[in-house]
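In the two assemblies presented below, chain A is common to both, partnered first by chain B and then by chain C.
What follows is the complex of A and B.
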């Protein structure tokens, strides 16, 4: 009797898990499937459940035709800029938050956390005015600057959590040996928290890669669109075949997935622990 | 008091004291300055805008009109609709993502063959960029040819309007969002589950407790601090989520998915009323702040209760 119940429990939990896996994977599979279908099938004879793998060869040309590679290059530029800028600011700030007591520490922590509840749409208007003054509208640099403000705090949380776990004694002994604070950070702390630094960098890259709202309002020149804005525009125009839109969307998704799978463990521990102490 | 002479006499001590006091600010300074320039000053400017009648055609102009924007909003049906939609949307996301995320975390926390792969597949949605999520769901929800209606027609059920039907619009947006965000909850809870001491499981197994009561009595209390933090993050992220909703419905049909953030965008860039848009933004921010404050109070109380 007991064995039967145990078997039933395991069976049910497997079944539920399989259900979850199907739900998680299906939309991505469907993106792939759609990217290999013709519009005449999609809107006429019906989409088949199995993909037309024989059409894979046509995909690169289709992507070339809509100029997605240029848009992806813009996204990559924004993402790289956000990553580098956030990284420099965040490593220093995280070290400061983790290792020192000073006036205004609590306030600074809260201000950092509060960026996570700031609706970007509220800041779009004032930033628009600010960027107009400095000629940063319609430029990828402007997008890097705007996005860093929202992604850098997350990097600070992740890196600070990692630094908190390192015993201070190591730096202490280096200090006694005459190592400067910058040296302690660069030569002792940074090498010890490399996995978390990687996680923070990937999360920031991700944010830049995802960027949509600021680009959608600040950028007028089509050549400067990131892929996110370009994809949204393709969907609105009926001239672009749906299969091409989906192929481009899939190409836009793949780097994010690969990066994420590489460092998800560090991302999670950093995000939650950072938020607890906010 | 330190005279120059004393400084010369004890250069090391003086320097180290002044330095240790200044040092944290040197490390934090750049980030603080950055947030000040790109978040706090624009925020201040946004708050100021919310008390003016500034228009998009002349963003530098606009006259102060006191609290008129707020007065107008608080008596407008459209604003309260947005408020209710935002709260319902966020509540649904928080509740369902927590339940489903925790359930999948518990299921994946045992060892079985193919566990790493299963876990990777389950996290794919979280890594999918928002715009891609919106695009694939737009297609799946397509009324005449999307997979959902195609499947329903196989079952002999008629077409559902999904994103175009006021009865299903919000539901459809919530489903698409849940697909994207639930894996985040799962990942965090999986991490927390790994910190539950193995002995606790063993003890309850020896006592002959079944799976559910073990979960309630041992696992859940261990997870509560994590779950509270995730609930807070899920709430404030939901209040400000833009892309997915904007691309799926743009706030429609008949404003049934018109969350505050979409409302801000429409007021600013369609109605061209920057002042009014800013006022909605400020109220949205206040909502997030209020939620955060409530969470912190509850969190403190709960952790006090748990430690007793």
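What follows is the complex of A and C.
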């Protein structure tokens, strides 16, 4: 009886999980399916439920025709730049906020986190003026800086919380052992907060990868568009090459998924760290 | 091995002073124990000595040289933390080798990638290897060199912490309650291991504890602290037998020294119940004075002999028993007399709670304290 109940519980939970996975994965499947359909089917006879796998060979040419690889390279530049810059700045800021006492520490923390309270759209105009002054319009570097300013505070918060949990004695012990402050950060603290660093890196990478608003406003040259802006431009007034857009969109989601999978093991413990006491 | 001199060392945290004018001298090769209740400032003092905390005023000299502004590394000290403070992401080998690697570390090794290459090369040098293996052998850590600290027991972690201190061959070992996280059996074992280590390395040790058994068994010299002040400096024997004030008298010894308010006159003293006892020799002070006597110097005899007392409780500890006694007033009413004393008697006690007994004191074992200042009177 006990075994049957246990089996029923497991079966039900698995069933619910499978249901969730199907709901979450269906749009991706449909994107894949659409990318293999013909526009005549999409706008005419209707799309079939099963994908036309025999048309896979045509997809690379379609993507090359719309220049998706250049767009993806721009997105990769922004995402990598935001991730690396945020990582460097956030680790140092989080360490400083966690470990040092200084005047205005509370205000500094508040100002840093208050950037999260403002919608990005609110800052488009002032940033545009600022970037125009510094010659950062039409530049991917400018986008990296703008996005870093928005995503770094989140990373600071995640990493600071993790550093707060490291006992002071470990760094003091390193100090007695002759380790410099830079060494204490690099050789002791950073390896101990790796899960949180991974979590912060994923969030920053996604922020950079999904960048749309600033790119759409600040970048006028088509060859500097990230994929997000490029995909949106495929939507024509009179026609939209839906299957190509879907193929490009599918390709656009892949790097983010790959990056997530790479750090997945770390991120789970990073995001749940401190969720429970002890 | 330095001769250490503390000159009026004071430490403030904001407006509160946690160490008040700490002055003391420590000779070469001394095993000094800083003993005191929790929060008395002994760990803070140890951190000041290590250079992990700045002093607010005063000076510390190592061999006549003021070391106030020196970094911990420059003081040639090793520190064993209460929590061991092992590096959780490193193996036991790397934990022990870390100070040696740091000795050979150049500033540009901090550059990422170069850092990990440099550390890997340094940890595998013959000199580092032989030193780590030598210390690991001494502390029986060889089988666990590849393991991470989280897989070790408390005692093993403690030994790794000691090994990390030992491998640097420092002039001074600082230990901050290193046994407090261990169970009673392991604590006894590690206590003797640390004592053996002290004898083997022949260096100065400063050991912080609130456990008087550790202090009495390990120290060659003790500093008893309370509320950030030194209450007594001396050998364990001096501190035990000749406490400088009533705080030390009550803090050292288990059970603590009995302090009885008496009225002394010549070679006699009147107890709170009005009975007089003979002191054997003249009391150092006439009139109201506090009489200190250790529980082992209180003898329990048959009723009608000695001073009358009622047994309040009996704690049978096997090899000895602790009796709580209350003096009975001359009209037989024990409630009127406040003084309660403890007696330590050998073996299982035959008396029971509620019995009336006689109490005698060993005349040579009295220690006298001033009623107002609470300081010892000689």
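One rule holds for everything that comes next: the second predicted complex is superposed on the first by the 234 of 278 C-alpha atoms of A that agree within 3 Å, B and C clash if a C-alpha of one lies under 4 Å from a C-alpha of the other, contacts with A are read in each partner's own complex, and residues count from 1 in each chain.
Quick note on the criterion: a residue touches a chain if its C-beta (ideal position, glycine included) is under 8 Å from a C-beta of that chain, and two chains touch if they have at least 3 such contacts.
These numbers come from a predicted model, not from an experiment.
**Q** May I ask you to decide whether A:249 touches chain B, chain C, both, or neither, giving the answer as first, second, both or neither?
**A** The answer is first: A:249 touches chain B but not chain C.
**Q** By the touch definition at the top of the document, which applies to A:177: first (chain B), second (chain C), both, or neither?
**A** The second partner, chain C, only.
**Q** Report for A:167: first if it touches chain B alone, second if chain C alone, otherwise both or neither.
**A** In the superposition, A:167 touches chain C alone.
**Q** May I ask you to decide whether A:217 touches chain B, chain C, both, or neither, giving the answer as first, second, both or neither?
**A** first
**Q** Is A:191 touching anything from chain B or chain C once the two structures are fitted on A? First, second, both or neither.
**A** In the superposition, A:191 contacts chain C only.
**Q** Which chain, chain B or chain C, ends up touching more residues of chain A in the combined arrangement?
**A** B
**Q** After lining up the shared chain so the two structures overlap, which partner does A:128 touch, if you call chain B first and chain C second: first, second, both or neither?
**A** first
**Q** Across the two complexes, find the residues of chain A that touch chain B and also touch chain C.
**A** Touching chain B and chain C on chain A: no residues.
**Q** Can you list the chain A residues touching chain C in their complex?
**A** Residues of chain A touching chain C: 167, 169-170, 172-180, 182-183, 186-188, 191-192.
**Q** Would you tell me which residues of chain B are touching chain A in their complex?
**A** 21, 23-28, 30-32, 34-35, 38-43, 45-46, 49, 59-60, 100, 103-104, 107-108, 118, 120-140, 144-145, 147, 150, 179, 183, 187-188, 190-192, 211, 225-226, 229-230, 232-233, 236-237, 239-240, 242-243, 247, 260-261, 264-265, 268-269, 274, 277-278, 281-282, 284-285, 288-289, 292
**Q** Where on chain A does chain B make contact in their complex?
**A** Checking each residue of chain A against chain B gives 9, 13, 16-17, 20-21, 23-25, 27-28, 30-31, 34, 42-43, 46-47, 88-90, 92-93, 95-97, 99-102, 105, 108, 111-112, 114-130, 132, 145-146, 148-150, 152-153, 156, 181, 185, 206, 209-210, 212-213, 217, 227-228, 231-232, 235, 242, 245-246, 249-250, 252-253, 256-257, 259-261, 264-265, 267-269, 271-272, 275-276.
**Q** Where on chain C does chain A make contact in their complex?
**A** 50, 52, 71-73, 77-79, 81-83, 85-89, 98-99, 102-103, 105, 107, 110, 112, 115, 119, 164, 168
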